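Input: a single structure, listed below in structure tokens.
Here the chain labels run A, B, C, D, E, F and G in written order, and each chain numbers its own residues starting at 1.
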Amino acid sequence: MATKIERPLDLLNASRGKEVLVQLKGDKQYVGTLCAFDIHINVVLDNAKELLDGQVKKSIGITFLRGDTIIFISPASTAAK
Amino acid sequence: MATKIERPLDLLNASRGKEVLVQLKGDKQYVGTLCAFDIHINVVLDNAKELLDGQVKKSIGITFLRGDTIIFISPASTAAK
Amino acid sequence: MATKIERPLDLLNASRGKEVLVQLKGDKQYVGTLCAFDIHINVVLDNAKELLDGQVKKSIGITFLRGDTIIFISPASTAAK
Amino acid sequence: MATKIERPLDLLNASRGKEVLVQLKGDKQYVGTLCAFDIHINVVLDNAKELLDGQVKKSIGITFLRGDTIIFISPASTAAK
Amino acid sequence: MATKIERPLDLLNASRGKEVLVQLKGDKQYVGTLCAFDIHINVVLDNAKELLDGQVKKSIGITFLRGDTIIFISPASTAAK
Amino acid sequence: MATKIERPLDLLNASRGKEVLVQLKGDKQYVGTLCAFDIHINVVLDNAKELLDGQVKKSIGITFLRGDTIIFISPASTAAK
Amino acid sequence: MATKIERPLDLLNASRGKEVLVQLKGDKQYVGTLCAFDIHINVVLDNAKELLDGQVKKSIGITFLRGDTIIFISPASTAAK
């Protein structure tokens, strides 16, 4: 990744408009386009899909995810490596 | 969604007066019309219904949901896609 | 509900002196007259009753409920719809 | 209760020097005389007794209870109704 | 107890240098001499002993206990009543 | 380690650009190059790999880990000792 | 211990450069030399070892432990008494 990451939120900023993988507590995963985030790590994903064991379980469209339940957020392109 | 989402709360703001799906910790889901929200993600839903496995379990009318137990909030129209 | 709900706490304010249903984490429910609440969603219920599966389990009189354990608060009249 | 309850802590204030029932997370209950409380809902009970299924399990004297684990606090006289 | 308890921390202050019983979440108990505490209810106990079912399980000497895991703190003399 | 560690974050600072092992609640482990961290202990790892029982389970590329779920962070060189 | 302990953090301060035993939630224990701590009780341990049932399970070198998961911290010399 060419972007310089000085602070953790720089990675989220560099990922706006791109597909990310969001891992929640309790093993739920979502993929979607990162539209927005804030300092509480609340995020909005567009075209969000819930995954189970790496398979798409259902589409939930645009969605607001509370930061409190998030474990990690990875740009999907690197997660797919 | 035509609205520009700069910050996560913009999605909630754009969803006022519309039906949303609210996912709580512990697999409970509610659908209802989003009347109000605040920065703690406390929300008020009107005509709220509790769902179990996607089926309406019971109607709970207008209700105040504490943000602390919320995982995600999706506009129902996109969730239904 | 005729009251205009701009912010989540407006619903609680409009419910003062009325019967509400309070859902706690861990499936406990209380019904009682909402006497008071604060921004932490601590509430005082009068004539509070603990419910189990929708049945009154016991009366606990006037009681202080800490907001931290609350999932939702619904005016009982709408919950009963 | 004749005291006017405007804010949740008013109930605790009105209960100083009286017996209260304190319900903790995880089903433990204590009864005792409410000596003091603060905004974190930390409380001091005198002549505190731990209850199990409504029976006195043991006496723990004067005790400091951290607010964090408290679900509700009821004046014992109303709880006994 | 002759000391006037106006605020919850007054009890802890009155217990400095005396033996206290500390109940943690998850049923662990410690007894020891209360050396110090702060507003987070972090405490230092000297000659601390871990109890299991009221029996000394092991001695852990002087120890720092984080307030976050504490349920109650009782002067041991009253707890032994 | 030659660096003087005065405050806990000094260790994270000294580990920038180096491989670290991150232990999460619930026994998940990640190794990767520490790119960035903040006072909430949110971190960004590059070339992150999820470990199970010390074996690489999958590669997740560059990733943002929320501090809230982290138990410990160790420079991998010392962890490998 | 000759050091006067006025506040809980005084014990941690007096333990810098000495071996401590750190008990985490979920029964994990670490021993190591206390290098640094802060008001969140984040700590850095050098020559840290993970213990299981009092036996060394593995060495993890120098490590950053988040305060949030810590139950107690004891100087190892007193814990070994």
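As a working rule, contacts are C-beta pairs under 8 Å (C-beta built on N, C-alpha and C of every residue); 3 or more make two chains touch, one makes a residue touch a chain.
As the structure is a computational prediction, the values presented were derived from the model and not from experiment.
**Student:** Would you kindly count the fewest steps from chain E to chain G, each step being a jump to a chain that touches the current one?
**Tutor:** Tracing touching chains, the least step count from chain E to chain G comes to 1.
**Student:** Averaged over CA atoms, how far is the centre of chain C from the centre of chain F? Could you give it in whole Å?
**Tutor:** So the centre of chain C lies 44 Å away from the centre of chain F.
**Student:** Between chain D and chain E, what is the separation of their C-alpha centroids in Å?
**Tutor:** Spacing between the chain centres: roughly 19 Å.
**Student:** What parts of chain F, by residue number, touch at least two of the other chains?
**Tutor:** Within chain F, residues 68 contact more than one other chain.
**Student:** Once the touching pairs are worked out, the chains link into a ring; list them from chain D, going toward chain E first.
**Tutor:** D, E, G, F, A, B, C
**Student:** Which stretch or stretches of chain E touch chain D in the complex?
**Tutor:** 1, 5-12, 21, 25, 41, 67-68, 70-75, 77-81
**Student:** Chain G touches which residues of chain E in the complex?
**Tutor:** Answer in residue numbers: 24, 26, 28, 35-38, 42-44, 46, 48, 59-66, 68-69.
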